[in-house]
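Each of the two complexes below includes chain A, the first together with chain B, the second together with chain C.
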Partner chain A sequence: MSGPGPIEFGLVVLIMAAAIRAHVAQATFAAALGFIAYGLLLGLVWVRLGTVDVALTAATVGAMTGVLLLSAATRMRAGERAAILERPGPALRGLIAVLCIAVSAAIALVVLMPADPAPTLAPAAAANNLHATGVGNPVTAVLMAYRAIDTLLVNVVLLIAVVAVWSMAPDSLWGGRPGPTPVRQDNEALTFLARLLPPIAVGVGIYLLWNDINEPGGAFQGGAILAAMWILARMAGLVDAPAIGRLSLRLALVSGPVVFLTAGFAGFALAEGFLAYPSGWERPVIIVINSAMTLTVAVTLAMLLEGPPTRPPSPPLAGMPTAQDAKRGER
Partner chain B sequence: MTLTITSLYGLLGAALVGLGLYGLLVQPHPLRKILAFNVMGGGLFLVFDVVARRGAAAWFPADPVPQAFVITAIMMALAGTALAVAIMLRLFAETGRVTLRPEPPASSDGQGGDS
Partner chain C sequence: MSPVMAAPEGLLLVLAIFGPVLGIPLLLVLGGRQAERIGLVLLALGLGVAIAIATTVIRRGDALEYVLGGWAPPLGVLLRADGLSIVMLATTAVVIGAAGLYARSDFGVPRGMPETRAPLVFWTLLLTVWAGLNAVFLASDLFTLFVALELLTLGAVPLVSLSGRAEALTAALRYLLFSLLGSALFLLGVALLYGSYGTLDIALLAERVRVEPATQLAAALMTVGLLTKTALFPLHIWLPAAHAGAPAAASALISGLVVKGSFVLIIRVWVDALPGVATPMAAQLLAALGAAAILVGSALALRQARLKMLIAYSTVAQVGYLFLAFPLASATQLGTAAWTGGILQAVSHALAKASMCLAAGLITKAIGHDRILDMGSIGRVMPTTVFAFGLAGFTLMGLPPSGGFVAKWLLLRAAIEGAQWWWVLVIVSGGLLTGGYLFRVLSRALAQSDEPPGLRSPLDRRGERLVLGLALLSIGVGLVPLASLSIVHIGRGL
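So, the complex of A and B:
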């Protein structure tokens, strides 16, 4: 492999600068902006390393994390001054710095002392049964076939995270809509982008989903891009968040795990066991699971960014009249 | 030994882990802690990706198993961040303060030990 060139060193310097900026900036808002730059630059590193699947996910999700932190920073400006006073003293800071450098040095040592040849079972696994999954992209093969149970559990954990975020809402707002009421922006560039980009991005998202069979892409990447478009349209005030009690929203949230589990249990009857796909049908089964997962990932990420409900449900929901009545009685 | 692209990025990842860990421990504002945690996460994912690149074999540009793990880990990090931000905003809405301490902070600087 050729040595690092100016692009590599430039990226390293820029990333370190963005990461340090995210630490030392006075205002949390500025720090969050530094973090967005950091996330996008890291995405470039993943492209340079040839791991495009990771780059797609990292860049999209990194930007979303940045938006999440930015919106939180604007809502919490009041307490910033008081918090700065709690910074640990110089002696303790020095000790922490030394220990953190030790952690970095230990990791650096591992990086610089590679096992040669690197231990990997990839060629053996690929030679034996990659073709049997009917999938050409090895990352998709790992996510959907070799380690399908991990992917299923990640889907479930995302769902649990949404439930946990929703549960941060005060009781009176349960079942309501999250986030601020949409206000149509006068900013024409934003409105224009929010109208122009989503149709293109829906195409890109579906392409990534379909394409992951042989090329980089997949449910997580496609879902993340779809969720990003929702946030864009939401910021422009073109759409409003759904009430969290809505049945269609809840169905969309559970569709991925439900389809995945159905396919998993069907494996007992049609193939060798749990999450085993019937021979000859691997590819169509993976596409169906991936489609449902893309929907779940997109809706889950969008709901995670929306946060807990902030507005009471305007028409009382049919499903939970007793809880609402009880809350009204308390007030 | 010569410095390869892979080990250069591995060193960057190692430095970012240390930097993020320092911020996580030292920054008093919970939002800054969450941010530092994500910086540390980015560094960790990078180290893991370098491991994937090391395992490059057969016709793969990089070992697909660590790659798949990094993709799922990135999703987990976002879920954790969203939950932490939600908890923090609720705390702020309830108490009007952004501190992790039980009592309001003393006005003197320098004595702060735990955070």
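So, the complex of A and C:
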């Protein structure tokens, strides 16, 4: 590996600038923009370090938090002035800054004098055991085989995040649709893109999911692209958010954890135990789990961006509106 | 590193974590109409699993381990139930069970009614908190523990804002921010440790660990992160507000259990994963913060006008006792006794505080407020509740024969034998202050002069029995023979 070149130095300067911009900006909106730039630049760093899987994840996480932050900043504009007045005083802000700098400096110090050579599990994960996992991408092997429990639990965390967001809804709106009522946009370019891109993106998403077996990709990245397409179609007013009480939405949300858990428990009967896959069947099992997780990630991210329900359920207070409800939405 | 076969009892460890997890999709798909029934069935099964794990570990006299997916550490992840795990698993099952049964009156779902917000969210989050706690007690890999902490946090935070009121949302948001800061610091430490040792398995780390700057920094970051989640003074400032607006059952979970999850992780980091890294000075500092928590928390509890806030500050104080074990365990011959005391304090406080939080909930429901001054003579209309509150108070004060007495007595003895007399002063004055603020409540509740406040709703008899049951358990822990308490050390090489 060669030493740092001009690109690396440039990236470091830009990242520092974006980070400082995000911190010193007075308006929330400007701070959010600074943070988005910071996230994207960080994605580039991962590319330069040769970790495409991390770069993809960082980019998708950055994009998603970016959308969330921007929409939150837009909503908070009205109260911006009052919020600025409530900010902590210079003394507290200074203390926080000193603490942050101290922690960063300490970490930089110990990272710059690492054990030589730094111990790693990479060879064990990548070569010695990879054949037994049935996949060719060591990152997938870590996520789906060696440390499958972490992936499974994180999937549950995502699910709970949606429940947490929904829990902010007023009681009367429970079971209703989240987000604004769709308005067809006159913007022809947006409508055109929203019609053109989703089929392509679905292909890309499935490719990322499939590719993951041997090359960088995965359920999270695939799901994020699908969610992005949802947002595009939603912005163009072509679709409406599903009511949060809808059975199909609930099923899509839980599909990842349910399939993963089923495969996990099936391991007791068919393989060596929980989260072990039957010998020779590792690859198809992992593909099935990953597909379900892609669906969960896509729906989860879309519902996180939609927010809590804002419109009352129809018919009012029905527990699980179904077909009738769907028809109303299409009108 | 070939795949390893796993013990058959390992199924129990998997069920302890993934039993509650299974309930979450079930609730979301079958809908809130089934929430209560699904929740109660899982509570019963979970209690059974916790008991089965405990008896298995005690019978074997050694930790129960289960290799996930056949991938042994360092590549894979191990679940491990030792003495500390089984005690916390059992306490959790009991307190979660009581909170669930209590919540039937607040978040029950009458047959034939449509799904509503609060019951579905409450039962889902109850199962989430439970799964998160059990994962915290059973995982023996630092990254898996991080994920478990996240699950725990994400389950606990929305419970605080379940009422939907503005101040509850503010408190929940503050709790979330503090907790995320804690998570971030913990994760930074985990990353540093992986960079130094190439493993995150606790047992392997303990073999490889060296005292060097990167490890010390990792330990410091992880400790501060976990202290934030444990609400140790001065990082407690999120806790009182979080309790003020939370439903009674949620308060019982957070005060009783959630803060204990991160406390157990501090023991895992200091004792199990990184033995010898923390200096005696660091242990003294930790206990000094604990002492400050005891004194400041109790003093603030004395000044509260509302019962819920008094209980919240009491938690701030009682959390302080947990940290007295750290310097005492390393400095004396009675190290194991100090740990027994600390862990017993965690258990008996969980039971007693859950009882108190639920009792406060019953009182609030019955008279429509929780202002201590206006509670005159409530003992005459709610004798069982007030009696249970008093019993639970025995444990907090450390009066015999309660669990809190044995815990504090073990700590006291370790402090005396270890010639660290300053902790004796803290323990004794903490007990007196606790007596002071509990007396404030009980003297109002048992006042003879006042007209008893009118009841707004009929008494919740089931709730009263639960509160009394928890309080009696917190006393009963103190009656367990001291020799049997050594089960907390099974499989821990102490």
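We take it that the second predicted complex is superposed on the first by the 307 of 331 C-alpha atoms of A that agree within 3 Å, B and C clash if a C-alpha of one lies under 4 Å from a C-alpha of the other, contacts with A are read in each partner's own complex, and residues count from 1 in each chain.
Criterion: a residue touches a chain if its C-beta (ideal position, glycine included) is under 8 Å from a C-beta of that chain, and two chains touch if they have at least 3 such contacts.
Keep in mind that what you see is a predicted model, and the values were worked out from it rather than measured.
Using the contact criterion defined above for the overlaid structures, shared-chain residue A:Asp171 touches chain C, although it does not reach chain B. Touch criterion met: A:Leu253 reaches chain C, while chain B stays clear of it. In the superposition on chain A, A:Ile107 makes contact with both chain B and chain C. Residue contacts after overlaying the shared chain place A:Ala241 against neither chain B nor chain C. When the two structures are aligned on the shared chain, A:Ile36 is found in touch with neither chain B nor chain C. Residue by residue along chain A, chain B and chain C are tallied for touches, and B comes out ahead. Judged by the touch definition given at the top, the superposed model places A:Ala148 against chain C, while chain B stays out of reach. Judged by the touch definition given at the top, the superposed model places A:Ala161 against both chain B and chain C. By the touch criterion defined above, A:Ile96 reaches chain B but does not reach chain C. Once the two complexes are overlaid on the shared chain, A:Ala271 sits against chain C while remaining clear of chain B. Touched by chain B in one complex and by chain C in the other are residues 103, 107, 110-111, 114-115, 118-120, 146-147, 150, 154, 157, 161, 164, 168 of chain A. Within the complex formed with chain A, the chain B residues making contact are 1-23, 25-32, 34-36, 38-39, 42, 45-47, 49-50, 52-65, 67-72, 74-83, 85-90, 92, 96-99, 101, 104-107, 109-113, 115. Contacts from chain C toward chain A in the complex involve residues 1, 3, 5-6, 10-11, 14, 18, 21-22, 24-25, 28-29, 31-33, 66-71, 74-77, 113-118, 121, 124-125, 128, 131, 135, 139, 141, 143-144, 147-148, 150-151, 154-155, 157-158, 161-162, 164, 169, 188, 192, 195-199, 213-214, 217, 221. Interface residues of chain A facing chain C in the complex, by the touch rule stated above, are 103, 106-107, 109-111, 113-115, 118-121, 124-125, 128-129, 132, 145-150, 153-154, 156-157, 159-161, 163-164, 166-171, 174-175, 245, 247, 250-251, 253-254, 257-258, 261, 264-265, 267-268, 271-277, 317-320. Contact residues on chain A toward chain B in their complex (touch as defined above): 1-4, 8-9, 12, 15-16, 19-20, 22-23, 28, 31-32, 35, 38-39, 42, 45-46, 48-51, 53-54, 57-58, 61-62, 64-65, 68-69, 72-73, 75-76, 78-80, 82-90, 92-93, 96-97, 100-101, 103-105, 107-108, 110-112, 114-115, 118-120, 122-123, 126-127, 138-139, 141-143, 146-147, 150-151, 154, 157-158, 161, 164-165, 168, 218, 220-221, 297, 301, 304-305, 307-308.
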